[in-house]
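Structures are listed in the sections that come next.
You will see chain A twice below: alongside chain B first, and alongside chain C after that.
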Partner chain A sequence: MSGPSDLVRIYGRAFAAACWLLVFGWFTLLVLVPQVTMVDQSLWRMEQPKDAAQLTLDIDRLYNDLSVMKLDRADAPADKQAALDARIAETQAAIREMETRETQPRKVYGPENYTRMSGLHAEIFLRTLAFAALTTLIALVVCYPIACAAAFAGKATTTAVILTALTIPYAINELLRTYAFLMVLDYRGVINTALSWIGIIDLDRDQAIPFLESQAAVFAGLVYAYVLFMVFPIYNALESLDKSQIEAARDLGASSLRTHWRVIIPHAKPGLAVGSIMVFMLSAGSYAVPRILSRGLGGDWFTQLIYRQFFDAHNWNIGSAYSVALLIACLVFVALVMKITRVGLKDMVR
Partner chain B sequence: MSDRLSPAADLILKVYLALFFVYMFLPLIVMVIAAFNAFQYPALSPWKGFTLEWFPRLVEDERLMGGLATSILLGICVTAASVPLGLAGALIVARGTRRTSGLFYAMLVSPILMPGVVLGISTLVFWREVGISGGLFTAGAAQTSFIASYCMLMILARLARQDPVLEEAALDLGASPWFVFRRVTLPFLAPALGSAAVIAFLQSFENYNTTVFAIGSGYTLVTEIGARLRFGLTPAINALGVIFLLVTAVAAIGFAIANRRKPAA
Partner chain C sequence: MRGHEIRLEQVCVRFGAVTAVEPTDLTIEAGEFFSILGPSGCGKTTLLRVVSGFLSPSEGRVLIGGRDLTATGPAERPTAMIFQSLALFPQMTVWENVAFGLEARGVDKATRKRRAEELLALVALAEHAGKRPSELSGGQRQRVAIARALAVEPAVLLLDEPLSALDLKLRQHMRAELKAIQRRTGVTFIYITHDQGEALAMSDRIAVMSKGRIEQVATPDGLYATPATPFVATFVGEQNVAEGTIAAIDSGIATLDTPLGRLSGRLIGKAAAGARARLMVRPERLHHAAHVAPTPNTLSAAFARRDLEGPVEMLVFDLDGAQWSIHRQNHGETPRTGPVELAFATEDAMVFAEATP
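For the complex of A and B:
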């Protein structure tokens, strides 16, 4: 297909040009150039010059010369003073030039921001990805039956009630949802309170179980905070499934398991793909959940490391490198899911 | 539940569904109850008696109220930017040639496929190079980058259902292109533009991950809540949670009722 697009033909050149301009501005200024700048920032660092130690020695030597010259000048006869003054000025200029070279770091490109990631940081990176993948897997297993229950409820009212009820915990702010989960795990949370009622622990004697100090708390919080992002995409995909297909499979003697495997799951694939991508990205990129649910000892989440590089260590180069690493991990996950489920970008967001 | 399941399987599914609802709602219910406990730490026990004192604390809190005003302002600006961008993107994708359409679609949904923190960081890094440090502007730019994508998707979904004959007919009858847009396309898209605007505002208002990185020393209501959720917890946060929960529930139920009245389109 060539020739003018429908956009130009229907709405005219001026309108089409306005649309192009808006979209161009959006994509370049808000997406592309910032990403490129971030990648660029991740590839350089400011480095002290390699000969800094030698320079320091040279500068010290010049300072010695300078003091000798100043002594000489004090004793020198008047006719030689002018020559000595010139030499002193010359030396001082040389010192100034060398000092700026000594203290001024240079911009050096290289992969060091990535490769110098410490063992601890690399471990946190991998742990973050592993936990996010596990969260996604749990969400898949937990939510598939829920989505089926909603989609095949039989009565439209039942479906509407289930979905509306689930919308409430889904739509409430992420921070407050996580905070609600904190109410369960906190030192004076639901579990500890229940244990103290039974008499296993005594809260007033500081015997609370410190759930928040283990990494499992962050993990449990991620599952709680993002599990519903799996339900709605699967439900949306199942909604369009012709129920008579299920009847047909059953009438032809397929077992319930086989019906799911051969009829329902293939139809739900776009939903499974979208849900997996959402849950993985929200978990791996979550800053809210680890911030609220970890109390120091549990170790960091990768997003917290990034935050500290930017706002505590003020090392934006390493911060950018970590951020690019997270971005690449997520894009790889998206590509993997699309390849495994054979779902294209256009099928995903219908 | 379902007539296709055996009674036993049906029972198991019902129990499972019930457990899932308990799992989702129990923490929220605890958060609500703790908002009315007179104890100064958010908890159910010890129960020091019913109180409403935590709610007025919110209104007296200048930073929370300031954050609320900032959030509303930011939400309005982001909505005003995102809806036109989404509309332009949707028209280019829906009315472009086959080749440009696929390419632009991929480009313009890409921000949705990136982690929110990365969008915030890249915006912060880029605008600093230009000489604009983190603040409301960068927060708005970072939010718009992906909220416009959501707007585009909503408008695209509506455009896909449009009968192309309508615009052609208007053109054949001698309408000017601008007239076609204003009197044929725009009225058809109005419901989608309306819901895109609502969603854009809510997304902006609720956003934490992107905003906390992009906003620098500024703050919105949500980033201010985030700042307080780690140390020095007070039941005032629970009171705020009750308000958010009420608004969310009313919106969800209202949306469901409105959807049922509307004939299936």
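For the complex of A and C:
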């Protein structure tokens, strides 16, 4: 396309310029600056100087010299005292300079923050990615039928009811929502109480099912927390499907399964990709849900590790490195999903 | 491939309080090219969906090839539908589209591909087999849809305004193509359209629908020459209309008193003197009085304008409060304005009495 952009044509130069300025400002402030700071932070560390031992020896030697000089000065004739005083001051300054060098670590750039990740931390990192992928898969399996139900309900009211019901929980803060879920899954939570009412378990004899002690609780919590981000992209994609394609498939004798596999899912692919990417990123980066639901019993999520690097260990460099590692892993996931589904960026914004 | 006969017995479709199709009896013969013609919203698609099995009739039975298939789904019926939007699968190649019905029936890939190629050859698209539907032109996509429907060897092909998205030239070309495919395959075609030209050009028989009711079933010639109802008379072709009261009826000829004068024509149906009625004359049956044998039906008019339509021209005249027109061969010039006498033969006019409420 040549000539002025649509923006200029519709709103005029001044307004278009304001828009572009806003976009530019937004990009700089909210995208570029934080990421660049984080990457920079992750690439340096404070290091004790390498020649620290030699320095200590040198300082010791200078201290010896100093004591000798002080003794000399006590015995020296008056005309030589001034020269000795100058030398003493000189030596003292040198000692001070070397001492600061000895105790003050230096800022050193290098990849060590990444490469020195301990085995345990690397394991948590990989496990978090695997669990996030699993959460995504579960969300995909749970949300596709919901999105289908909403898109193919036939009646507008049914669609509205399904979508509203999905949205309502999001009016509540994520933390509170997660606590609500905790109350459902707790030892004496809603599910266990209901089961004891039916008579399947006896709460008083400690037969409560320990949902919260297994990773399943975290998966369920994450899926619960992020369904919307999976359902809406899929729903949007399905909504744009010409319904007569489904009828045509049926008319040609295709089973429901084949219709989904060959007609509906290929059409919904961009939605499936966008939903998967969002849920993966959100669950890999989730802090509250695994923290609240596993309560330390189900093993750490990588985000908890990052949190501790920042706020307990006060090692912002390692914290940044871990954050950037997670970011890179997410980007790799995005690329992977786009490759697998053969969906381009342009398809996603469709 | 051989067509099947279709019989609808007292088929009726209601959506809540709305009756989309009134109780209808209809027989479509095996191997016939049958069109359903009617204005938008008259229930054409609804009727077709009943035949295809996507919609169960509220009442009545659907028999295809002599079997009662009222309760059978679309997949099990020997029918195939061509949708108004064509509904090609955009993610599949052309040949995969055509072979989809066979794929659903578990036919192996090699056979599928061979069969798809045969069908694509039939619709002259053999060299496009590997393309996606989006890479084809409108007419080519249309033919892919036909090939896809024919692949499942249906006995009945159902077409819901399949040409409405095409431009005029292509539409005329596709008419001939469709007709030829129908001849070659012998499949029964049920063709829905609101374009009378299409219906008249292609069909063996036409049903004209209005407001959920079939008004008349006839051959194209029969429909044009002897419409059974005023709706059919005005919907198919054009008419010059005069309203009035019946003054006399004599051996099938009704004489009307109208604001344009006293006019007579053949009475269609029954009526008594004194009833309100409409007299209709086709534009090609109206002439300048000077050019025809004397008739009792003459009108004074003033020439208004000339609409050229290529080989023919339409002359429009102002009458007392009405506009009538003459459809004739292109004379190559615009007549002078001024008063003229128009005339038509009594046997060229039709009189429909208004239904007594």
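In the analysis below, the second predicted complex is superposed on the first by the 285 of 350 C-alpha atoms of A that agree within 3 Å, B and C clash if a C-alpha of one lies under 4 Å from a C-alpha of the other, contacts with A are read in each partner's own complex, and residues count from 1 in each chain.
In this text, contacts are C-beta pairs under 8 Å (C-beta built on N, C-alpha and C of every residue); 3 or more make two chains touch, one makes a residue touch a chain.
In this text, all values refer to a predicted model and were calculated from it rather than measured experimentally.
Undergrad: Between chain B and chain C, which one contacts more residues of chain A in the superposed model?
TA: Touched residues of chain A are more numerous for B.
Undergrad: Taking the superposition as given, does A:267 touch the first partner, chain B, the second, chain C, both, or neither?
TA: It touches chain C, and chain B stays clear.
Undergrad: Just checking: does A:81 make contact with chain B only, chain C only, both, or neither of them? Give me first, second, both or neither.
TA: neither
Undergrad: With the two complexes superposed on chain A, say which partner A:242 touches: chain B (first), chain C (second), both, or neither.
TA: Once the two structures are laid over each other on A, A:242 reaches chain C alone.
Undergrad: Based on the superposed arrangement, let me know which partner A:152 touches: chain B (first), chain C (second), both, or neither?
TA: So A:152 only meets chain B here.
Undergrad: Between chain B and chain C, whom does A:33 touch in the aligned arrangement: first, second, both, or neither?
TA: After superposition on chain A, A:33 lies in contact with chain B alone.
Undergrad: For A:277, is the partner it touches chain B (first), chain C (second), both, or none of the two (neither)?
TA: So A:277 only meets chain B here.
Undergrad: In the superposed arrangement, does A:250 touch chain B (first), chain C (second), both or neither?
TA: Both partners.
Undergrad: Would you mind listing the overlap between the chain B footprint and the chain C footprint on chain A?
TA: Residues 247, 250 of chain A touch both chain B and chain C.
Undergrad: Would you pull the chain A residues touching chain B in the complex into a rising list?
TA: 1-3, 5-7, 10-12, 15, 18-20, 22-23, 26-27, 29-31, 33-35, 37-38, 41, 142, 145-146, 149, 152-154, 158, 160, 162-169, 171-184, 186, 188-190, 193, 196, 203, 224, 228, 246-247, 250, 256, 277, 281, 284-288, 291-292, 303, 306-307, 310, 316, 319-320, 323, 326-327, 330-331, 334, 345-346, 349-350
Undergrad: Once bound in the complex, which stretches of chain A touch chain C?
TA: Residue list for chain A touching chain C: 242, 244-245, 247-255, 258, 262-263, 266-267.
Undergrad: Quick one: which bits of chain B touch chain A in the complex? Just the residue numbers, please.
TA: Its residues touching chain A are 1-5, 9, 13, 16-17, 20-21, 23-28, 30-31, 34, 41-45, 84-85, 88-89, 91-92, 95-100, 102, 104-119, 121-127, 129, 141-142, 144-145, 148, 153, 157, 167-168, 171, 176-178, 180-181, 185, 206, 208-209, 212-213, 222, 225-226, 229-230, 237, 240-241, 244-245, 248-249, 251-253, 255-256, 260.
Undergrad: Within their complex, state which residues of chain C touch chain A.
TA: Contacts found on chain C: 52, 54, 73-75, 79-81, 83-85, 87-92, 100-101, 103-105, 148-149, 151-152.
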